[in-house]
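The structure's right below; bear with me while I get my questions together.
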Amino acid sequence: MMAQQKTFAGNFFEDFDLDDVIVHGTPRTITEGDVALYIALTGSRHVLHCADTVAKECGFEKTPIDNLLLFHVAFGKTVPEVSLNAVANLGYAECRFINPAYTGDTVSVVSRVIGLKENSNGKTGIVYVHSIAKNQSDTTLVEWKRWVMVNKKVPSAPTGINSQPETLPTVEMTEDLIPDTLSFKQFSQEWTASNHLWSDYSPGESIEHVDGMTINDSDHSLATRLYQNNAKVHFDAYAMQHSRHGNRLVYGGHIMSLCRALSYNGLANGLWLASINGGAHANPSFAGDTIYCRSIIMDKGEFETRSDIGWLRVKTYGFKNCQEDIRQQILAQTPVNLKNDHVVLELDYTLLAPKL
Amino acid sequence: MMAQQKTFAGNFFEDFDLDDVIVHGTPRTITEGDVALYIALTGSRHVLHCADTVAKECGFEKTPIDNLLLFHVAFGKTVPEVSLNAVANLGYAECRFINPAYTGDTVSVVSRVIGLKENSNGKTGIVYVHSIAKNQSDTTLVEWKRWVMVNKKVPSAPTGINSQPETLPTVEMTEDLIPDTLSFKQFSQEWTASNHLWSDYSPGESIEHVDGMTINDSDHSLATRLYQNNAKVHFDAYAMQHSRHGNRLVYGGHIMSLCRALSYNGLANGLWLASINGGAHANPSFAGDTIYCRSIIMDKGEFETRSDIGWLRVKTYGFKNCQEDIRQQILAQTPVNLKNDHVVLELDYTLLAPKL
Amino acid sequence: MMAQQKTFAGNFFEDFDLDDVIVHGTPRTITEGDVALYIALTGSRHVLHCADTVAKECGFEKTPIDNLLLFHVAFGKTVPEVSLNAVANLGYAECRFINPAYTGDTVSVVSRVIGLKENSNGKTGIVYVHSIAKNQSDTTLVEWKRWVMVNKKVPSAPTGINSQPETLPTVEMTEDLIPDTLSFKQFSQEWTASNHLWSDYSPGESIEHVDGMTINDSDHSLATRLYQNNAKVHFDAYAMQHSRHGNRLVYGGHIMSLCRALSYNGLANGLWLASINGGAHANPSFAGDTIYCRSIIMDKGEFETRSDIGWLRVKTYGFKNCQEDIRQQILAQTPVNLKNDHVVLELDYTLLAPKL
């Protein structure tokens, strides 16, 4: 009887070395089934990802995969080796959506360890990875950096390992981040029933997205399983009842997707998600929570050679179980207090919008 | 800070004018993913919509989209402009399924305001719309009329606006409502394991469908998000706890679909839904409710030039949380008391069935 | 008023005769939507069923349907005629996955009654059926035998009907059970991020799969509806509250799928499910239960003409709501006590694994 030797219990801080390259398993073909489920799970109405007709008018061969769906699938691949023993997902940076993915594409992911920092308590350390997801033709679809706090196998006096990588505060918006064939020249406000274009948004503007979405247990379980993210905290209620949370945690990426979906009302013409500059899961969410969001336009810009496309840098804040006046008050403070119990997400990202 | 100006809070009674044409946003490509989800959400076994082999033997190029799935997707498109501020969905009429939709078809919807009637309390009014859903080739798939009670922006003494359209009590069954290539000449009872054909049903006959289906929170949320219907009452439990219902309402269309699915046992050979003559959501449903249904054959008829197809007009009543004897008693009364707490749906529709 | 005559209430013990052939209704085309839902419902990561690239390297034209998904769809077809009035699903045997199914295949099922045994109480009897699922080209995909306890229409002194078929204790592993074009010659451990091959497993070895999965009401309802299995016990909470269980039962096949998915961690390279030798649903599961599993390698073998493929016979035990030490203790006893409240499944099956 050789119990457990075949089972992989995840990596601990000591298992990582700087510049390690990890080839993650279980490549995944994305299909129309995933796309439909993503709509059913989030209520997303972002039109490029639900209408072939519009996608073609924008220069795509067919509906491209929603970049957040792509991100979640790719992210899920990295969980077994990177974050199965994670205490916390600390942050994201430099997430670039380099090429569109389509149904039929098979996504596989490789990560490189770009930083390691032992914590002063000797019990945990921070692992920084740079992950790249490619399709079956070796074309890069998306890359990102993230850092997670991981348990040490053997808690001990710290060894002083401290190699922190530099990450950019925002992804620089260059034409490289415009999909090759993308054009908004045919834009029609009938696509979204919204006439707010790039020129109508101003830095500093705050947008209350009004709608709310209550999370059911099955919603977040289905989403997280769809992404083949196997982190125990999302699935094992029996074990989690003894955790400090007392309950399964909703995968943070599901909150990102709910907020992006809810922000359709106010940002419907932010048609293409080009980058994620950073993200923080301010507080955990649980089944039963109702999620709302509110966005601030941080910056905007143009591309030298493109008259049809501009970019908007947006911070969308996710909230739970509170009314609009509370959301407004929280965002009226600078800096935003992410420790407020009602705040669940700060997501800094850049959208491409039609410019006429 | 210009909060909220970008967000659309829905139209109020005063925002509608007679003959207004509304082009609804977010056209939607229906895929195999939607079809599988529809089966998972409803348990539907109606064979034309789950077996390519049978669909081809009936003259379709492949499995056509279930007309109720098509209806829900198309209906969802109209919610932002028509019923976001609806107090109640009052009724449907003249819903004609004119051409079959297939996976890959992109549905877009246009509505025309065909009636406006202010209520005597001055607080609300009734808006009547005629909606038409077309595919990417401008072919009409389905059209329907519905009327909703909408809040006024400014409650005041009524202005006397009163322009009620005429609607037909039932859709006239003509050969136009038989899909162009449809044939039941190859019909085999092996398709459905049921040998009850058109000739076996008689007006006045009552059919108890026996099975029940309990609604879970995630079921109705997934369904309603799949249809991109964003009416707040279905999703925002935090807000709804302060409503008179105290809880999220199940989208009435989900009840229609559950009843159609449950009616397979008894109406399996009612293969094609040709029209919806009318519908009433008698009482709201909530997660936890168990839905049953019982049908009455209202009428039947033939088509002059078709020996293979007959039509059955059916009223299916949806019930919740009651046993068969209660359902039988309620339907034994004429007219049926729709105010009985156990009644959730009265759906009047016409099916095409094989006739040999 | 001829209520209920059109509705089929299921067969009783007296309705079956030896050698009866039952053509089940509602053939079903399996699509990419079903595949995505299966992943979302189970969290399965078995790579042949989620990556076209890997499937092609193994000689398939594209991702084959997971054999458990195929089984559940085919099994669901048999429920109306075989087990609608079943008191219990007693067992399975000789389930052979003969040819792979692909998206686009339409599955139809025929069963033959191969045994009938009245129980001594005169109230119930056991019905044994041999079911065969074929695709649209009349190619056999999967066959199995099962036996269920069915209520008698008229309880009475037993008539002595007693014709029990012989079933094999395990499916003999021959090259017939290797899909025609299957090859593991290109195997790469990057497919699964696991390097445990056929040669690394030994009979008697016990594998603790570590992870747990909590079942939500909507999860099992969606799964069972997807398979169009209409057994009332899974869906009708209103009726089930008066049963001895007090609640809806989770479809046993969902537990099989959860255990197969959870066993990825430890059996990731058991790439192809070739047969199910037997199965027992030891105790019922309910929404809220957290499922774990642990496997024992029962046997292993080679194929005379194949250097790339070996087989592993595995017994996977499903558990609920207990910690690893309890699972270990239960499996340390011979025979395993299936009456222990924590045991929900014993599944005996054979996997094909790469052999290098």
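Labels A, B and C are assigned to the chains in the order they are written; within every chain, residues are numbered from 1.
The working rule: a residue touches a chain if its C-beta (ideal position, glycine included) is under 8 Å from a C-beta of that chain, and two chains touch if they have at least 3 such contacts.
Worth saying up front: this structure is predicted, and the values here are computed from it rather than measured.
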**Message:** Looking only at residue numbers at the subunit B/subunit C interface, is the share used by both copies over half or under half? Answer same or different.
**Reply:** different
**Message:** Rotating subunit A so that its CA atoms sit on those of subunit B: what angle is that, to a multiple of 5 degrees?
**Reply:** 120
**Complete:** Taking each chain's centre as the mean of its CA atoms, subunit B sits from subunit C at a distance in Å of 36
**Message:** I need the residues of subunit A touching at least two other chains; which ones are they?
**Reply:** 31-34, 36-37, 216-218, 222
**subunit C-facing residues of subunit B, complex** = 31-37, 39-43, 45, 47, 50-54, 63, 190-194, 196, 200-202, 204-214, 216-219, 222, 265-268, 288, 290, 321, 328
**Complete:** Contacts from subunit C onto subunit B in the complex sit at residues 1-4, 6-9, 23-29, 31-34, 36-37, 80-81, 103-104, 106, 108, 136, 216-218, 221-223, 225-226, 228, 230, 232, 235-239, 248
